[in-house]
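Chains here go by letter, A, B, C and D, matching the order in which they are written, and residues are numbered from 1 within each.
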Amino acid sequence: MNVVSYRPDPSEFAWTFGGVPPVMKVKPGDVLELWTEDAFAGKVTSADDVVSRVIELPFVNPQTGPFFVEGAEPGDTLAIHFVSIEPSRDHAASCTLPLFGALTSTHQTATLQEPLREVTWIYEIDRTNRTVAYRARNGDYSVALPMDPMHGTVGVAPAAFEARSSLVPDAHGGNMDTPEMRAGATCYLGVNVEGALFSLGDGHCRQGEGETCGVAVESAMDTVIAIDLIKGRSTPWPRLENDAYLMSTGSARPLEDAFRIAHADMVAWLGEEFGLEMLDAYQLLTQVAETPIANVCDPNYTVVAKVAKRHLPSGEAYARTHAKLKEVAAEYRRGR
Amino acid sequence: MNVVSYRPDPSEFAWTFGGVPPVMKVKPGDVLELWTEDAFAGKVTSADDVVSRVIELPFVNPQTGPFFVEGAEPGDTLAIHFVSIEPSRDHAASCTLPLFGALTSTHQTATLQEPLREVTWIYEIDRTNRTVAYRARNGDYSVALPMDPMHGTVGVAPAAFEARSSLVPDAHGGNMDTPEMRAGATCYLGVNVEGALFSLGDGHCRQGEGETCGVAVESAMDTVIAIDLIKGRSTPWPRLENDAYLMSTGSARPLEDAFRIAHADMVAWLGEEFGLEMLDAYQLLTQVAETPIANVCDPNYTVVAKVAKRHLPSGEAYARTHAKLKEVAAEYRRGR
Amino acid sequence: MNVVSYRPDPSEFAWTFGGVPPVMKVKPGDVLELWTEDAFAGKVTSADDVVSRVIELPFVNPQTGPFFVEGAEPGDTLAIHFVSIEPSRDHAASCTLPLFGALTSTHQTATLQEPLREVTWIYEIDRTNRTVAYRARNGDYSVALPMDPMHGTVGVAPAAFEARSSLVPDAHGGNMDTPEMRAGATCYLGVNVEGALFSLGDGHCRQGEGETCGVAVESAMDTVIAIDLIKGRSTPWPRLENDAYLMSTGSARPLEDAFRIAHADMVAWLGEEFGLEMLDAYQLLTQVAETPIANVCDPNYTVVAKVAKRHLPSGEAYARTHAKLKEVAAEYRRGR
Amino acid sequence: MNVVSYRPDPSEFAWTFGGVPPVMKVKPGDVLELWTEDAFAGKVTSADDVVSRVIELPFVNPQTGPFFVEGAEPGDTLAIHFVSIEPSRDHAASCTLPLFGALTSTHQTATLQEPLREVTWIYEIDRTNRTVAYRARNGDYSVALPMDPMHGTVGVAPAAFEARSSLVPDAHGGNMDTPEMRAGATCYLGVNVEGALFSLGDGHCRQGEGETCGVAVESAMDTVIAIDLIKGRSTPWPRLENDAYLMSTGSARPLEDAFRIAHADMVAWLGEEFGLEMLDAYQLLTQVAETPIANVCDPNYTVVAKVAKRHLPSGEAYARTHAKLKEVAAEYRRGR
């Protein structure tokens, strides 16, 4: 087993998917021990920080990477298994941002109204109880919320020579902001360029579905991933798998198009893996889908279509890739 | 305790919310034992039935009601607690319908493409194991899916002198198609006209989130509800409560507007019940919301914003209405 | 020629399409001299009037009608030709309304921001020069804008037993708010119920495309129409015709669906009238369509797809109905 | 006057905005004589060409450029005046493309239906009469349509280190596909990177509003532009000006957001140039806007908000830039 450790210097952060040279080469089968900075580039440390003043655009949502995967070519699929995701500091932060979020006008949903007030919340992290502490800024309500660490942003270089801001989710992955990207999940990404050039970042100690105000409980993360490459099989939109579920994602506007992409992809996937006829798959999906909204705040909105494996024919997706990467993860844990 | 039983004759079905005289008067505190026909008006009994031929538009989605609630006036809130929802036949049905559903063009999302093929699936109901049997029409895959009975359609007469088709969800409730409308839940509906004039129907043995193809596992239902009236308190969009969650709904197009309505209503509700300041509520909601999509197929799409009570300050919504209706339900069960 | 004059008393206004008994019977070929109140029900007469205070919801946008057209049955098409539309007072009014309009959050596009300020503008009408006078409320800019009188709202009773607020545009017509509904145009509406039950109102001295703030230059109108009935031909969405153009409308959300409906209907109409094959019509439309947005503020948004007759094969739509109604209009004018 | 001529070799085409080195440096005040290839990269020459086979993705919509404008820095505005746009071949082409266009499902508006058939139309160009000849593929209808040459794609390098496909319109301009980009118009683009790096392409002999099927009358073009730089003034979204109109554009999904962006930008612009208070500008715009839809087929949809100068206070936008560039154009014409 080849274990690679990498902690980027701030000067090495990537701010886009695509358009950035790789920080290193890795191989299918490698395990990567990575550190990712938080979406604020580490600049929010106190409830007195006004985010729009401490952040210098476009330097938000720094990514760790990109990594060049040896052998990866357009038409292949990259598999990234999350072995562990753990906050690397004792606090995390969230905030309202002017003209960003689902319950405010934005630069796209443009209105003539005043923006909402900017407020910052600091969450203390309790590693023993695995909670984060919400405290109201007005009044004295506080509550310990379960920690559920995840990466908001995982992706590869896009197709068609594009470079996309790390704030954008699309067919290349990117800023999908789904809580399903937690330890134990495997993410499948279609490869668009030689080497795949994947990056990740935007750790969240937790977030609600939809990431309503646009900002989760943002945290730097120590993250371990195991990677694999599925040659000669393309994946049109990011897919995820964990022990219990197959998941397709869609990222688009309006939100119903994100829903359509995710569910049409799942119909196709059920055909690919289990031979279900298209309308039979459509019917089954209609009755069993679980569909957590990921984000309703980013430049594209993201929806995840989940199907529990217990409702599906027997068989393994992507030729047992998830199972194999879990074995790699187990071996890695034994080796520590 | 006053228990009312009512089984409509087909000639008594309502096809709209509003515009229909009440079938009877009921009182806050009453328990109603009701029967609702399935959305096909009972006309689909075999996989050979082509739905667009056996159904005569606009006679789809018949409702049981409306009921005139004594004392209900505009500005009040009607509470409907679902004591039990049980399929009243041994089979249920689903289908694809031309130009209806999330993964097809429709009369609104109009394209020049051919519609999808019409196919019908019949589900056998196993009451002992509480499952419904999915069987592929092509190939031999079948699977027993857990039964999770619910009502797709619950609502009151709309405001502004409108009468809306029973296919439409909006601020008056109607065809929201959320799996959260199951036994144990209390639904809060703002009253728009004297007597509230509520109806319900569209039973589903189960459905996935989004009701992707537009048709769930459709079934006639024997349903028991307990009702209450909250005087002098308005409810702008339908809300639900069960033992674990508060839930707000939004129904609109595009889907992000349904999301916005539901979450903005939840921010308001958290303020009303617990005194949380608006931005504090927005922040908390961002980190704890669970947001199942209800439907992406009806004339408006529906989203449900859920907040677990364990994350909230102590206190009871709507002055303990849910708890009181559970006590009525318990008394009803003891009396049978 | 049968000329009918009708000026409703305020107690006779209709506030919905559907759900209202007819005010009188009329016959195909009749000419109707009508008066319509403005959308404010006449209650805004000074720039000091705060609209949300002088208006009592839901009593906005009063309609004149409905009229029962003898012989009209579901599946027929009603043709309404606008002979003349003239403001009946010396002033008109516009305003901003809280949470209404394209550049503000609304009850559907719900945000947590403060609504815009309420302001009223009064326009003086200059009949000689056929202008209306815009005057800024701040500063001293004023400009005489050309008068271009039109009806925002024209429709029939909807299908499926529905009654829709006069604020709503949909397949039955209603509050489409298109400047194309001016004198010289013929509007075709599919009949859904016996007698068609058409109404009209919401006169505008002029409006921009999109009716951005949600309120045009609102005015009571003296309007003359000539009506006809096309038996046995259905019209799925409102269509218009004038001497130079055929026009299809679509009303839906999101706005692209309104676009899709209007253009798909035009493809179908070009096939019906001129035998153009579907993809040939699609191609021609792509290169010649003029597509004024009607409104981006009402419960559904409306788009109009226009095709200049000079680009089309020779032939007359709806068997010369527009030409025949122009002859009726000419005869009426001679008779005055 | 400095006149620069440039005709790219196919190997010099740009396929993105951003991410491409400049082909040359130019200066404010220069006149550029350019040639642009058609969106098919010149590969469609016969009605027998099936576009999805002769095109090799992502090599569609080649751009001429980018040009580095000396002195241009982020925060400045680049002005491009179109002196002339003339087709450079005797024919032009259009087609249906699978899963592209407004009246079909797409990769985003994903459905399970079959795509539309692929068909190609060739238009002969009559330079004398300035028409293009539409000929139906089925039946014998043909019609000469007025030529109205324009560029579908004009833009600068985007902000935030992005590179965007030439098919995408956004705040940097790009594939807006508006017929307003014709000779006589001046386009204002906010500069995001040093040198601005502007490109243009995608000539259309004409197109309808909305570019319904996604493909206009596509043609290579000989185009002359005059450029200028407005230092220290930013322009958030592309604006246009001609002798009669000021125009703001918005590009987004859903289409109402494109509308909102364009109209909110126009409200801001009217304030910047003429001092109109925000709500006064909103009101005036509501009554005078002309709002041609540009495209409803590209990755973002585009809307143009136009205000006739005759309705506005006296004064010149951007300190007479349009007038000055017209003088340059006149001098250029005299010099030929």
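Note that in this section a residue touches a chain if its C-beta (ideal position, glycine included) is under 8 Å from a C-beta of that chain, and two chains touch if they have at least 3 such contacts.
Model, not experiment: these values are computed from the prediction.
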Of the chain pairs A-D and B-D, which one is connected by the greater count of C-beta contacts? A-D
In whole angstrom, the CA-centroid distance of chain A from chain D equals 35
Rounded Å distance, chain B centre to chain D centre (Cα mean): 48
Residues of chain B that touch two or more other chains: which are they? 103, 109-112, 116, 253-254, 260, 263-264, 267, 279, 282
Arrangement of touching chains [line / ring / star / complete / other]: complete
Please name which positions on chain A make contact with chain C in the complex. 103-105, 109-116, 254
Show which residues of chain A lie in contact with chain D when the two form their complex. 15-16, 18-19, 57-58, 107-112, 159-165, 167, 250, 252-254, 257, 260-261, 263-265, 267, 278-279, 282
Under the stated contact criterion, what part of chain C meets chain D in this complex? 94, 96, 102-103, 116-117, 119, 121, 134, 136-139, 141, 143, 145, 206-217, 253-256, 259-260, 263-264, 267, 274-277, 279-280, 282-293, 296, 301, 303, 311-313
